Amino acid sequence: MTSMTPPSAAAPLLEVQHLEVSFPTKTKTLVAVRDVSFTLHRGERLGLVGESGAGKSITGFSILKLISRPGRISNGSILFEGRDLVPLSEQEMRPLRGDRISMIFQDPMMTLNPVLTIGTQMIETLLAHRRLSRREARDQAIETLRAVHIPSPEKRMDQYPHQFSGGMRQRIVIAIALLTRPSLIIADEPTTALDVTIQAEILDLLLELAEHEGMGLLLITHDLAVVSQVTDRVAVMYAGRIVEIGPTEQVVHAPQHPYTQGLLAALPQTHAGEPGTGRLAQIHGIMPSLYNTPPGCAFHPRCPVRIHACSETVPALRPCSQTGTLAACHLVE
Amino acid sequence: MIAFLIRRLLQACIVMGVISLIGFSLRHTVGDPVREMYGMSVSAEVRAEARERLGLNDPIIVQYFRFLKNAVQGDLGNSLFYQKPALEVILSKAPATLELVFTSALLITLLSVPCGIYSAIHPRRLLSRIILGVSTVGVSVPVFFTALMCISLFSITLGWLPSFGRGELTPLFGGAWETGFLTWSGIKHLIMPSFALTSIMLPLFIRLVRAEMMEVLQMDYVKYARAKGLSERRIYWVHAFRNTLLPVITVGGVQLGILIAFTILTETVFNWKGLGGMFKEAVDRGDTSLLVAYMVVVGALFVVVNTVVDVIYGMVNPMVRVVGRK
Amino acid sequence: METLFFILSWTQPTINALAIAALSLFFLWMLGGRFLMPAAWGRFADSHLVYSFRRDAVAKGSLGILLVLLVASFACPWIAPTNPYDPASLDLMMAQTPPAWMEGGEPDQLPAFVLGADDQGRDLLSTMLYGMRVSLVIGIGAVLLQAVLGIAIGLTAGYLGKRVEMLLMRLADVQLSFSTLLVAIFIGAMFRTAFGVASYERLAVPILICIIGLAEWPQYARTVRASVLAEKKKEYVEAARVVGLPAWRIMLRHILPNTLSPVLVISTVQVANAMMTEAGLSFLGFGMPVTQPSLGSLINTGFEYLLSGSWWITIFPGALLVVLILSINLLGDFCRDVMNPRLYKGM
Amino acid sequence: MIMSTALVSIRNVVKHFDISGGLLEQLRFSGGRPTLKRTVVHALNDVSLDVQQGETLAVVGESGCGKSTLARAVVCLHQLSSGEIHYRDQRIDHLPPARLLPFRTKLQMIFQDPYASLNPRMTVQRILEEPLRLHHRAMTPAQIAERVAAVMEQVGVRASWARQYPHEFSGGQRQRISIARALIVDPECIVADEPISALDVSIQAQILNLMMDLQESRALTYLFISHDLNVVRRIATRVAVMYLGSLCELATARQLFESPRHPYTQALLSAIPALGRGRRGRIRLSGELSTPIDLPRGCVFHPRCPHAYEPCRVDTPAPQTLDTGTVVACHAVRDGRI
């Protein structure tokens, strides 16, 4: 499995293999993420798409090993710059968090601590990872605020989160993520809580910075359109598994898995659907809850093209001959 | 911030107004000023004449304003039993109670914060379970029963601690304040009463701190602080604790005020010569003026404590400090 | 006035009867519910509450103890060895008899005097059982009263808003910061002047119910108001308004049922609190008279004899009170953890 | 030529919320002197709109633009600060609750959050029966049950589930039940406040299709509130764009999406993430965001507008109808600058 070659520039930045995250409860164990594998190269932007409950956020948090109790990584490995993070202790994880790997949370209103100034929250991150004087840390923080286009950063440093608008706060969160020049940024629905025009500004900023700094970006979102604009590759998740993964262009324009097809067709901006009526193509039914995932392919009860095998065996991800994407479907050739 | 301060002060005045109104009506319904002056055995004519002279036949509103005016000048009427101004009686008894309450409040603050935070951070550890278990038992034992158990164990059975009184006292400020803090005997006398008083409030505070801390630990910004790679100590004491403090201060202020009420029970058991014991005797003797004066003074104390607490809250909470709004 | 006395004197028997009826219904439901009303029983048995209850040893234990105590206290006329209210049971010769197993005890008179006698020579166990009944009746009665008052006031305040709300809630705040004990003492003093000491003693139970009820309604009012405010913002209330339902109906049919789970949760703890307040009042001598002692007044009487070595008069009633309150509090904690309602911050 | 009068007419509606609280809360210090300052949210500032029978009029805008307040104003959930709401030429906003009842059966509402919009303590049956019991007192229980079952089938929820509680249903099914509650009194017009934004993409399509089917079969008129322009493009016949409580542009869906006139509409359209398109050629907005509490003077959009010039900072632009039928409130458009 693991290559014997030492980590080099060519080695992937992040390699997730057979990740399984489970939440043991008193009666039974919920498996929220099953057998998820993907790689992310240096400077690459990967999208993780799925509906609520698909396990995409948990996958993102498990890379930093920040799954809330009682959840735990029950199987698999997470190789970051060639080093497996799964067996690491909290003590060993801390130097990585916020330094090599930064995270951007969903709701900028909830992410920043309301009783601490922006400056404090930026400087503490730098001081946790760098040997700097307070003065130097402050200067560096101001510089970063300027880089995310916050006007008069010196003045803003001493203000509290409630004095900023939602878009501004998300810029600050991005600035905090950039402070230590990480090699990987995990962004969990960074624009979902924002308005369309602000969302566009934040996406532009993320894209600009990712290109400029050459960081790897793992973008977790439910919005296929956002993913299609920002990422190089995309992985689609359904009921805890990756059902399709490949270059964004290919997945968006020639989806192979019936779920991806349905999801794309259901978007109001696609002009698919029943012609003439203005109706949208729809996927019937709802995503199964983690309590009772159906046997075989989890999508088969909703799938329009299911065959007998779908309800019996879980399809593995396999390459599709025309597009080069991988899809977990019995029907993919 | 100044606006916030002024707002709090005005609110305090309104509350004091309400309290004075209650005190006034209490005096009117329960008390009888004529009896307070002359006792029961006087003729009807003398009574009628006294009523007229005391202005008891004036319109209620006039009487209320007279009461208010006197109260502001520090005249809360004369105590029937002591035959002295009620305020004077109260001031002479206050140091004993304040020392007791202060000791308990200190104990509560010093113990509840570490216990509450520890059991919030490690909810599954044995020590947390013990803390919680003990505090559940603690709220279920009436304060006077705790006091009785203490006496029967430490005074009667073991003979370690004195069971009543304040012990040797040292006069301060020219005798205006007699303190028990300065002598060994005074401190020995203080141990059991303050423990009994602490026992009722400490569990509530531990639970409050724990519940608030647990809620804060669920917040996104705590998870985010972890994701930034901060040390556990910084996450708990800078990020989580500051936010825990806000609700604890608000509720805590009110609860510390309630301690004063519980001194009635503690002081009765330990024969502690303070306000609580005085209040009990005043009820027994039907000393209405003293009762009303006690209510007004204690009410004023609550209002002062609450206002101070609010101001502290305002200083901790940047929302108030910067914008002046909650 | 006489009619008022007459009505008030019926309070205790009414609550007695109600409690006995409720207890029997509870046992009937537990024993026969699944046969009598299978559908309702099924929903009840599958509920989260019952499920969590079955896995919680502490909750099961405290409910068991509480049920035993409840049955023992409301069945006291039939199970107590003697009737302490009967003047014939007073026997000063037997005063301060120690428990049966101790030296000087009266083992040959069993079951009477198994726990000794109080200062008036009454059998302590019987007096405690009757006293516990008094404590429970006052606790339950006071909670019923404060629930009615508090829910009405909380609903009004939460629904009307503005000035009415500010006034009522300020009043609640002031009252709460004075603590229920102090307020109860003040109200008690007023009642005593109004009724005169003699009738106060005669009607001690209903009067104490009123006093504690009036002193503790703010807890309910604040809890109810907090959840009314939270519920009022929800869209189902707007939906009901768009349907065209009148305001009172939205209040009673839509909002009220959704505020009941926090009310239920605080009710358990409030019963314990009301009993604590009653015990405190009785201990201070402002509560139940010696002729009809509650647990608190028993502890108070025993206090005088504690120093002279007759510890049982204080310790046994005290321990009983603690066990009773502890079991109620533990059940309350369990309910709070399971139902997890938004309770008003505060205690 | 048939001149159809509007079904719902919103005329110069202004709605301000005073959130300043009591006198004490209003106390401020400015320049060392105590002053009383009211804090007012200007949710709607002089909005006029007509909803024509049979159409789907979409109101779009970002958070804080007053679109939800507008929806609630139309169904008379808010007391207006000024202005009027007319239903078939009858003024309804000032009616007492009892006289409003007949209109309650004509004008219904669907809410955003399927988890909050159904009373958790009532079965689906009771939720659906309640409006009928109120408005049709003559109906027998059998008739009511029949109507409930029929409507449930129509929105795609099995009638046999009527005895269940809302928490037993998924988000999409709850939204169907919410639609059923609106339909049960047989309304002519439904105000839908972000009916699909709380749902997952695959469920959104189901609900949107259902709404379109119902519109066809029942000849419904929709006032459709949304922040999602993609959704609006699929369902709306006409679109109104709002910003900070003011109407910016009102046009047919085709006009609006093909040739938006107002600078805000243009920015909004270019901000929609489209599938696979690169992120070039977007209109970039700059400037501080205003809030409805302190509205900018003049045109509410001018602090962020790339075309803003002198009059925008001074005068509030009045809506004017262009040759194409589009209504725009913009000085630059009036002066032919854009």
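As written, the chain order gives the labels A, B, C and D, with residue 1 at the start of each chain.
The rule we apply is simple: a residue touches a chain if its C-beta (ideal position, glycine included) is under 8 Å from a C-beta of that chain, and two chains touch if they have at least 3 such contacts.
A quick note: this is a predicted structure, and the numbers were derived from the prediction, not measured.
K.L.:
Counting one step for each move to a touching chain, how far apart are chain C and chain D?
P.N.:
Step count on the best path from chain C to chain D: 1.
K.L.:
With respect to inter-chain C-beta contacts, which pair, B-C or A-B, contains the greater number?
P.N.:
When the contacts at B-C and A-B are counted, B-C has more.
K.L.:
I'd like to verify one number: the distance from the centre of chain A to the centre of chain B, where each centre is the average of its C-alpha atoms, in whole angstrom.
P.N.:
The answer is 53 Å.
K.L.:
Please report how many Å separate the Cα centroid of chain B from that of chain C, as a whole number.
P.N.:
The answer is 25 Å.
K.L.:
Report the inter-chain centroid distance for chain A and chain C in whole angstrom, where each centroid is the mean of the CA atoms.
P.N.:
Roughly 54 Å separates the two chain centres.
K.L.:
If you look only at chain C, which of its residues touch chain D in the complex?
P.N.:
166, 234-236, 238-247, 254, 257-258
K.L.:
Would you pull the chain D residues touching chain C in the complex into a rising list?
P.N.:
22, 72, 75, 77, 97, 100-101, 104-105, 108-109, 111-113, 116-121, 130-131, 134-135, 178, 181, 185
K.L.:
Can you name the residues of chain B that touch chain C in the complex?
P.N.:
Touch residues, chain B against chain C: 14-15, 18-19, 26, 29-30, 136-137, 139-145, 148-149, 151-152, 156, 163, 204, 207-208, 247, 250-251, 254-255, 257-258, 260-262, 264-265, 268-269, 279-280, 283-284, 291, 295, 298-299, 302, 306.
K.L.:
Can you check the complex and tell me which residues of chain C touch chain B?
P.N.:
170-171, 173-174, 176-179, 181-182, 185-186, 189-190, 193-194, 272, 276, 279-280, 283-286, 296, 299, 303, 306-307, 311, 314-315, 318, 321-322, 325-326, 329-330, 333, 345-347
K.L.:
Taking the touch rule as given, give the residues of chain B at its contact with chain A in the complex, in rising order.
P.N.:
Chain B reaches chain A through residues 219-221, 223-232, 234, 238-239, 242-243, 246, 316-319, 322-323.
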